[in-house]
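Next come two complexes built around chain A: one with chain B, the other with chain C.
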Partner chain A sequence: MSFFSGFKRLTCLTLLLSLLFAGGFSFTSIPVFANMANAEEAVKSEGTPTESVKEGEKKAEYPPAPKLTAADYPQIGGFNPRILVWIVAQLHLWFAAFVLAVPIFVLIIEAIGMATKDQRYDNMAYEFIKVSMAAYSITASITAIMGGLLTFTLLVFYPDLFKYMASLFSRSMLAYAFLFFAESASLYVYYYGWHWLEGGFKKWVHLTIGLVLNFVGTVLMLLANAWVTFSMSPNGVDPATGAFLGSEWDVIHNFLWNPLNLHRVIANIAYGGSIIGAYAAYKFLSSSVKEEKAHYDWMGYTANVIAVGGLLPLPFAGYWLTAEIYAYSQQMGITLMGGAFAWLFIMQAVLIGALFLSVNYYLWCGMGRSEGSGRYTKHIWWIAALIVGCFLVWFTPHTLVLTNQELKALGGPYHKYLGPLGIMPAKNTAVNIMIIMTFLSFTLYRRANKIATVSWAASGSAIQAAIFVAAILNIIFLGVYHGYFTNTAYKVAASIPQVLSTAVVIISTLIIDSMMFKGAKEVGPLRWGKVPDRSQYALFMLAVSFTWLMGLMGYVRSGIRQHWHVNSIMRDNSIDAFTPTIGVAAQVVTSATVIFMAIVIFIFWLSNISSKKSAVH
Partner chain B sequence: MKLPKLLQAVLVVVGVYIGFKLVFSVGLHQPIPSSLLTMYMFFVVVATLLVTTATEESAKEMSAPIKALVEDPSKKTIRNIVFVLVPLLAAWMTYSKLAPSFEAPVELRTIHPAPPSSLKAYGKSFDMMKLENPFSKFQKEDPEKFKVLVKEGGDVYYKNCHFCHGDKLDGQGQYAQGFNPLPLNFQDVGTIAQLQESYLFWRIATGGPGLPKEATPWLSAMPVWKDFLTEDEIWKVILFLYDYTGQAPRSWAAH
Partner chain C sequence: MKSFLKIMLFCILVLIGFVGYANFGIPQVKPAPPPTEEKLDLGNMTMDQFIALGEKVFNGKGTCTLCHNNVGKRAPMLDGAGEEAVANSAPLRLKDPRYKGKATTPEEYIRESMKEPSAFVVATFGSDGDTKSPMPNVTTGSIGMSEAEVDAVIAFLQNKAGSEVTVKIPVGAPPSAEGGAAAPAAPAKTPEEVIAKFGCGACHKIGKEEGALGPDLTHIGKSRNEAYLRKGILDPDADIAKNCPGAPCSPGMMPADLGTKMTGSELEMLVQYLVKSK
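So, the complex of A and B:
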């Protein structure tokens, strides 16, 4: 019982903290009101407020973006403002991503439970939010702390930038503060109301609260995204001076807003899954009780499925975002893919490949849970071979690192045969096949414990195999044809039929499987908890790679503005307005990752202590 | 006879390595650069380990010989040999990494740095965000005129550029081998096919000296053509480059 009250205390504290910071946020963003005051003054100075204001004068109400000098950036102590803000912003983003992601899939699972009337799902959803709640309430408050800290550091070290942004986003920043409160409130109602709002109509009410919770969380993120994308593709301000044109919606709805929104929503789901997976792995490894092990194994598995579900469409959302960046500004596009940041993309490719490998490894190891898996483990090696083959293509850079000798031997900086692997058609081909193969691992895993009893099982499997082979051949053909034999105008043309092929494989396999395994015989009960410890490290790997990846690519997204606070509107004139070398950037991101992981492990450890305490009592 | 798992794994890795070498260096005469091969092999090793430890039985089979080597009393001689060889191997690898050589150090060079937002040439300033080839429109509007323009562009090219970029535009001009970086091959999918015409205009007008810092440390020998050619000549030669190679410039998709 003492755990519960302790827990309650904790949640109260969290609520208080988030209030404080939400409040603190609106307080610190008081410059928000600056432009309102300006407007008032403008009216006053005109004498008669009833006089209609002409277009030109209306514009003059808003000041232009400030032009800064190095002296406008306060230097305090030995802090490097840029690195400080960078790390704090990154930590805030990670925690926020986690806090927003958990309710998304808890709601999904709850809805599945309602639709199928299967109580197991509902229990699982509750279990999910309960087990993660202890960690979660701390996380939420850390998110708030980080948010407050971010505002604070921005205000201290970049006061003029903050003022300018706050003057543009006055209303949305205020809304953000309120939504922050609404988020915490609906979260607690959702969690504590779970058992109270059970059955029939009450359940609908509960589901609606969950929906509200997620809606609020998503809007929160969309607002923050608007601030970020505005600094890349400013809109709604005078392109020459940066003066606000009067519509906050135009400022929010800038060119890159929606591409980033989609990317982040999907990534959040995958990220939340991976962190919960790591949590489950931690609990699995630290427990020696059989039931507990079984429980956390199952939890890790479910979280992993959700993470993979988010991971599969992610590369495509990423392509869209990149394509839109290119379309918005050639300069940013080239900086991103061909220029200074290209090498970070190679690192990204390596990490994404590592994600795919870990996911597959986890599935292969998981086959050990079922007795019937012997039929399928023999396929692992060629699935792996294909994935690795694609992986190598996936990270082959277009511009190679060459010694002088190699340069002469190749007759130029580009490799005749490997060069085309560095551009889009090859990357698309590789990632599609990687996705199909990962899906194959998943399909085999699901089959491992089942024997189909329908009469057409053999031909059903044959049809599925044919679809897989046909799709892969189609994808390779399209990739090779467009990669080597057509020019750029058509290069992207391959990507759509390739994605369609992948979608056909996934959808048709799922449909055939669901018919084929209706009433299938189970080989034996699934032995949850009977997986090697090795597999759990794959879950850790997943969470770490994900975190690191978000940090690196987040830096790239932000860094391609180069010496601009707001691209081509407000120049960064601080002494830090340079693009750091790849090594320095990687070090900063890696340090931030380590800090984040340390805090997360600390949270896991704390929640372990509190649950042990409750077990003793 | 079935080979032990560990040996199988080693053979696979060695086999892949030899395969890469044979196919690329011997078969295609385009060796894989060592930096890339190292990355490739790293992941081949990782994947091999993953596959061989995916099931409990094979993981045991993999580790059995290693365990035996460390623990089995009867393997004492081999153990001693291995325990001497491993540190020696590490020492040799360290030495060969650190030993001085006459090779210039490998550098990450950015071949396509981001262009500036505006370009000053011919006494005016071009906005790189909006710059377009004034002649492109004739491709649809007046194909005859377009043909003439391309032909004129060809004349500019063969008077000025082919010494370096080659008469087939493949980067194999007579003088090409004398330069580092090498003049670019426009037939390759990775050069002009990836770029907008405005980018080419910038590169041709300002040449090697116009490259921003990230394209260093090597200064390219590409001349500053705005000192020798007119604005129109540059646009025409750009038409020619795309026309001859059959590539299409990247265009302003969403604008």
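So, the complex of A and C:
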């Protein structure tokens, strides 16, 4: 029997490993680190034809990218095609990000529960998937509807572009359709099989289904990312004509694919956490029952931790993506950061500031759940001051719009001392300190209800404080040195040691905390539900800011192609080929966000009615 | 339902804050419109016009100033004076042991550097020990300059450096495949074309343009007569408006050479358009 049980485990493990290898194969065949090596090739594809162009016989098999005129873009009714496609694509992306993100952290929590044999984790994972299932099925349907609508609008308004893209991605588009069904099937089996597949070997099977669900979801996203990044950094086509060279893998594996993949996976986790947090906040505010409030308060807190877990590494993934855009095309990079879009990053600073302040405010409010929090609340003021200070640095523009008199008074376009606050060393300094301060808020929150019992607790805390101070001083020193005393070529050199300083703080604090608070005494039971209502609005602020920020960054990611459907391959000759101003883009993104939030909150409201009816029955 | 409405209201207020700041808190930089394809009448072009074409390509379609500027210092300056100018430094670079190209004259060197930028990389501006340039070949990809435009840029750079302009105006050269820059553009046929041609909308709110640096001209015909408006175009500093959006208007902001650049019909079309803007 034990042999059989062991055999079953082995079989399941083999299945798991096979899936991992299957996934890994895709990833290992994606030379993640080959991007740097491919830089030269990519620059070539911006400029001169690559070697593969010489494969005349392959080139001859495929037509070139179409050269369009304004007459090739159908005008139907009073619709503005670009704005319509823009809003539909953005709504599709938001719903898809949510649908793909939740199973990722549900699977992780379930696996932790299985490994630690702590039933609370399993309950938490089930709670996430259960409470989000109502929203899930509807959002999945909406995602499908939005996906269909996106395809339809592209076919109607941009038929030649769609035809060209479909000719390049024919097999991956077909695979995408099949994978969508696989995603839906595995999602429903994963949810409805939760209790059926409990305990022992069955749990392994359930976990495997969760893994399949996430694998399929991730592949779906990677395929869609390939279409998007191909339009920015085309590969696998003749640079002169846009004719397909015969390898769909080359088209998929374009220069910016992996950086965007990483960025979107992390962002989806943060975004999924923020939407689940908004759900919990809605339920908290709607409920008057003490137990329900406690339950949804706990859920909101956990969702916030997940959102923060994604938010902290996100700036670094964004930094890598930007660096790769520069590596692919300096021209595109400068358009992104130094051209017409430069002011967008001031808007981004406002949103990032809103995100960090919301997260911290929520944590500070949450300290009220613990009787022991009084020891730490005095620190909140200076943490808040530091975060606001960092926000102001990030908020400082590089170039000012000045009159001639102001230019003369200032002695040039930049202020001698404040000017460097507008460039990368200062921005990196600000974001790293904001991350450290947010982590500090989180650490203080976790400690609030605990008293360490180990003999070296005082020394441990002193070491931690020293690490925090040393890291912050190092980050500031690097920022000041590179910001004021080096030339442009070396300005970004501060970023890696600054990120490492932040990583040292987070990792060392977690390690010391885990040892120091082993067997710690609890001050008292946590009073879940004893938080002010305004803390729940912080969770909504987080969700709305995230949604809006994703929309705005979508505008710039797409906008840096300028008047090209496919950068340097297929020109956009429609009447909408111009780049809209940030103000116009903000109006479009806001309209889409209102539609999205209205649908999401409506779904929350519907689930509320549904749960009340269930309770009555 | 009450919670739904309260939360929706909160979300909308947050969004109003964001969209309001994006529209009114930061300057609305209007990106340049996509380049349009125009035929180059090289056969009838003087050298001065050819040099002007080069300047236009250098600052526009060529996107040269994205990197070759004094702000970001991502690439060496090309259009300065003295040794800084590429036309003047070319003889030294041709003798540099690091030079890997085939050019023998400054003109060939500049042409080569636009098509094969890694033939010589100015110290500190390249990667892999300054052996690889991040600059693309300007005749391909999204820039796609024609041979005539390349020659025009060379003429512009030589002229700007104060050195002899050795490049010849190519005769019968084909227009660029995608979005050629303009030689002396054809006269505008409508007031809207005049506004677009001379970039009035970059500073003024006029017609569909939303410039926010100079006075709003949407209803200028109500308060100013024809003579004043004509003089305002020909001699803009003669009478400075008191209030520009956000700051007092200053002399020297509006180009003073429109009188020499506009044709008579363009000037009259614009003046009449402004007079009717009530």
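Annotations
Assume the second predicted complex is superposed on the first by the 555 of 617 C-alpha atoms of A that agree within 3 Å, B and C clash if a C-alpha of one lies under 4 Å from a C-alpha of the other, contacts with A are read in each partner's own complex, and residues count from 1 in each chain.
Following the convention adopted for this analysis, contacts are C-beta pairs under 8 Å (C-beta built on N, C-alpha and C of every residue); 3 or more make two chains touch, one makes a residue touch a chain.
Source: prediction; values computed, not measured.
Annotation: superposed three-chain arrangement on chain A; chain B versus chain C shows a clash. Of the two partner chains, chain B is the only one that A:Pro532 touches; chain C does not reach it. In the superposed model, A:His415 lies in contact with chain B only, and not with chain C.
Of the two partner chains placed by the overlay, neither chain B nor chain C lies in contact with A:Thr229.
Using the contact criterion defined above for the overlaid structures, shared-chain residue A:Gln330 touches chain B and also reaches chain C. By the touch criterion defined above, A:Ala384 lies against chain B but remains apart from chain C after alignment on the C-alpha atoms of chain A. In the superposition on chain A, contact is made by A:Ala577 with chain C only, not with chain B.
Once the two complexes are overlaid on the shared chain, A:Ser167 sits clear of chain B and of chain C alike. In the superposed model, A:Trp343 makes contact with both chain B and chain C.
In the superposition on chain A, contact is made by A:Leu392 with chain B only, not with chain C.
Put simply, of the chain C stretches 42-50, 186-194 or 240-248, the part that bumps into chain B is 240-248. Common to the chain B and chain C contact sets on chain A are residues 329-331, 334-335, 338-340, 342-343, 350, 399, 401, 403-406, 413, 487-489, 562, 568, 582. The touching residues of chain B, counted against chain A in their complex, run 24, 28, 30-36, 39-40, 43-44, 46-47, 50-51, 53-56, 59, 103-104, 106-117, 128-129, 171-172, 177, 180-182, 184-185, 188-191, 193-194, 196, 198-199, 214, 245-255. Interface of chain A with chain B (complex): residues 255, 323-324, 326-332, 334-335, 338-340, 342-343, 350, 353, 357, 360-361, 364-365, 367-368, 377, 380-381, 384-385, 387-388, 391-392, 395-420, 422-423, 483-484, 487-489, 491, 532, 534, 562, 568, 582.
In the complex of the two chains, the chain A residues touching chain C come out as 40, 43, 45-49, 239-240, 282, 285-286, 329-331, 334-335, 338-340, 342-343, 346-347, 350-351, 399, 401, 403-406, 413, 487-489, 537, 540-541, 544-545, 548, 552, 562-564, 567-568, 571-572, 577-579, 581-583, 585-587, 589-590, 593-594, 597-598, 601-602, 604-605. If you check the complex, the residues on chain C that touch chain A are 1, 3-4, 6-8, 10-12, 14-15, 18-19, 21-23, 26-35, 63, 66-67, 71-74, 124-125, 132, 134-137, 140-144, 178-179, 210, 213, 244, 246-248, 250-253.
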